[in-house]
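In what comes next, subunit A is part of two complexes: it sits with subunit B in the first one and with subunit C in the second one.
On to the complex of A and B.
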């Protein structure tokens, strides 16, 4: 098993109290698995992603454990995490493209990154060139500034850089969101190719676009309000979802290839809960048509069928 | 009818405006009352430029845009423009940009009252506002008297649509209005546009998202690098795309029930099965004309070279 996350809790410290952005997910990512992580904005996707790499100043580790290839990752200890970061677990953060230092040439940036990880640039140079070629980038991107590249080129560059040391796990946070559809497809397919070529063993692909992860992911995990709602194979999530939130979300999404005529889709009334003082019990409760008294108690995330986990009292 | 007739937009670019960039070339299409027209294309294809020209935020370089027969470029003076904006309004991607953060959000309503309805009594006006808010499904208690930062993007977007209702406009330019909204609330705003259409409003729905266009529109216009490459009845364009660029777009949109490879294989098979030469196929060396050619009734495509790759 590449990744095992158990009851992980990471909160944001604020003046008004803790924001319970990541409240106890337990899940695994198998060797070779591409897991799509879907959910609306604010559901905790980026918090989960960052927790597996580096807690920023406002994030507070509350409890739980993370294991990578059987080794426990000390995510509460920034220094000790250096051993894992970039080498064994790597991230393409949300907005990575705009976060690139505009005054550094890309080659220089890579050299500095490698150096800070104790790796000599010349030891990986040939492999870097091979991989740039694979994603159809000229070698001279290394002599260019980030501003000179198109969105798709930047994103492919970032993908090559973040997987250069063959990490076990790559987390890609909204890497396709700012791209046009045809570029989006190319970038998404490159992620699959990186897995197939074993540049990375497993992957978490974070997106708010569930149709996109359906195209490339083996499994899909849906988050809601800082907790897990459902996880199953991509096909099962799309065709036979069990959690009311997943069902309603899918029913609210228009699609190409369907004739709507006067048929109307409906949204989910209400809005996601604030996580400063989240409601007790199931966090989807006040928007769920099936909610009853039992839902005042938090539903556990359990395997209701083989490889199909759901957190809902009414799912069987 | 909002009619675009061989509209071209050339921007001045570079230092001292020495260079020129053609953002839209020879675009012709129409938005009829009670109809939604989707304008689909990737970023930089000229969608917003077309919308801005209709709203007179950008000038037309060549060709003309008419609204119910009147050439919008000829409108001069406060009075003429005021009358025009009573018929045509725009709502944009980032709802926050339409509000001044130091004023309460409902100022967008009082401003149009001062401008257009000074004779209406306060209580009558309040009733009208309440009615418009009801149509866009906002609770007056939740949105009136609040500052923009106290409201969500969806609420602000709906308030702008309510403003359009108060003006009783005929045409709406909705430029990427859904992009900033969350999945579970997007569909509500889309349905709201469908309601406005049912009341007879003509809507130019600008989007890069084909799924949204498929859901809401009667007509579809596909824009590529400033030129219309295909347009027509949404159902026809979506079920039988002809231009290589349109096909590429359809092969790239993620669907729920089909994988990319399947969609691509289907498009290829269809192409292989159709060996006849169509009027929209160009001979080698022939230049691409700006007039589109009819594929079938209500479906037009820009002629292209058979094996052209985009």
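On to the complex of A and C.
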């Protein structure tokens, strides 16, 4: 297993109390697995992604563990985590368009970053050139400022930078949401190619759009209200979902022949719960058509079939 | 590159033209008749003699011509370096009075602007990395920038000058001295220079420190900083980038602030009776000497324009974003 996450809890400390944005997910990501992470906005996807590489200033580690290739990551210790960052776990940020220092030439920035991490730029330069070529970028982007690149070029450059040191785990948080459809597909294909060429071992691809991640993911994990709802192979999630939330999420997607805008408006009735004082029991309760008394208790995330985990009393 | 500077030069030329025109108009719109008041002070008893003198002066200053002619003449003599004759200090040419005052003004302005910019940026950058410093520098900075130039000048003149007696509170050098290259004169010059310099320096200092602190914090929270942190880059590298990028808007700020600082310097000179351009302006107003007023304003406008132009060039040289845009923008 590349990644093992166990009962991970990360809250936002606010003046009004703890926002329980990540409340105890337990899951694994296998070697070579591309896992899509789906769920409505506010379900805790970004909180989970950040927790695996760098907690931002407002996030507090509460408990649980994260193990990468058998080594526990000290995610609560910002300094100790530096050892893991970039070399073993890396990220393609949502804001790839503005991820590079605007006043440094790209090549110089990469060199300074690498040297600061104790990697000799000379040793990786050839590999960097090869990978730029792979994503159809000229070598001379290294002599340019980010401003001189188009959006798509910046996106590809950042993808190359992030994976240059062959991390075990790559996190991509909503990397495609700001792009047009054809660029989205190109980015998705590049991610798969990076995995196939073993630039990265495993990947978590975050998206609020299940239909996009379906094209590239081996497995899909659905989050709701800071907890896990369901995880299974991509095919199973799309064709035989068991959690009522997954079903509704899929129903709200555009189908073939249906105009996207018409469907989009309907969505899922209601909205996700606030996580400052989340409801007791199943967090999906007040939107769930199947909810009953039993759901006042929190359903465990259990394996109902081989490699198919669900957190719902009504799924067997 | 050429296009960029071509456009800049055009804008500066236009500004210069407008400034000269407004500058020519303002004194003419001022109430009162300068020659009459000048003659009144000469207290001539003979009405006929006063009449004759009035006509003579009017002609001599060119005030009997139609307005458009006066305006054209103004431009012509401007390019001949002729700003007219002072009424207050008759018959000294205005340009001589100005050239005599400029070294004093520059001697106050240049050190206070440059030093406050450097020291302020330095303090601000430190404040951004230490809570303790931040808690002290920030409030002090806010108090300093919020202080009107005149007010701080008066406070310093009163406390360090009059009460403590550490520094002279008025004049550019000792009254008994003649300008000369002697130790006595130079030390007297420095003593008189210190308080007006200090008050200009202090007010500007606060603004730069706060600006730098806020810019650095902004840069440290920017997305490129975030990305570097996620990739485990050490604080040192991230700070280096943030500092560099925060300097650039501070440079633009320098251009923007220049006018305010110059105005502040004029007021400060008045408070300390320091014989720079501000002092000339005060004399010109009190004596309704509008040639002097015009000439001084013109000099200041030209000075500010030149300084702005220099900052523009420096900025274009240090900020790659501007450089790239000059070469035709994103490809």
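In this text, the second predicted complex is superposed on the first by the 303 of 316 C-alpha atoms of A that agree within 3 Å, B and C clash if a C-alpha of one lies under 4 Å from a C-alpha of the other, contacts with A are read in each partner's own complex, and residues count from 1 in each chain.
The rule is short, and it goes like this: a contact is a pair of C-beta atoms (placed from the backbone, for glycine too) under 8 Å apart; a residue touches a chain by one contact, two chains touch by 3 or more.
Worth saying up front: this structure is predicted, and the values here are computed from it rather than measured.
> What is the contact status of A:294 with respect to subunit B (first) and subunit C (second): first, second, both, or neither?
After superposing on A, A:294 lies clear of both subunit B and subunit C.
> Figure out whether A:253 sits in contact with subunit B (first) or subunit C (second), or with both, or with neither.
Only subunit B is touched by A:253; subunit C is not.
> Report for A:149: first if it touches subunit B alone, second if subunit C alone, otherwise both or neither.
A:149 contacts subunit C only, not subunit B.
> In the superposed arrangement, does A:14 touch subunit B (first), subunit C (second), both or neither?
Neither partner.
> Taking the superposition as given, does A:212 touch the first partner, subunit B, the second, subunit C, both, or neither?
first
> First (subunit B), second (subunit C), both or neither: which does A:81 touch?
Touch status of A:81: second partner only.
> Please indicate which partner A:180 is in contact with in the superposed arrangement: first for subunit B, second for subunit C, both, or neither.
first
> Which residues would you name on subunit A as touching subunit B in one complex and subunit C in the other?
The answer is that subunit A has no such residue.
> Can you tell me which positions in subunit B touch subunit A when the two form their complex?
42-43, 152, 182-188, 190-191, 194, 208, 210-212, 214-216, 235, 238, 248-260, 263
> Give every residue of subunit A touching subunit B within the complex, in rising order.
40-41, 180-182, 184-185, 188-189, 208-212, 214-215, 238, 248-250, 252-260, 264-268, 271
> For the complex, give me every residue of subunit C touching subunit A.
Within the complex, subunit C touches subunit A at residues 222-224, 226-234, 236-237, 241, 244-245, 248, 319-321, 324-325, 330-331.
> Under the definition above, what is the set of subunit A residues touching subunit C in their complex?
My answer: residues 53-54, 81-87, 90-91, 93, 95, 98-105, 112-113, 116-117, 145, 147-150, 158, 162.
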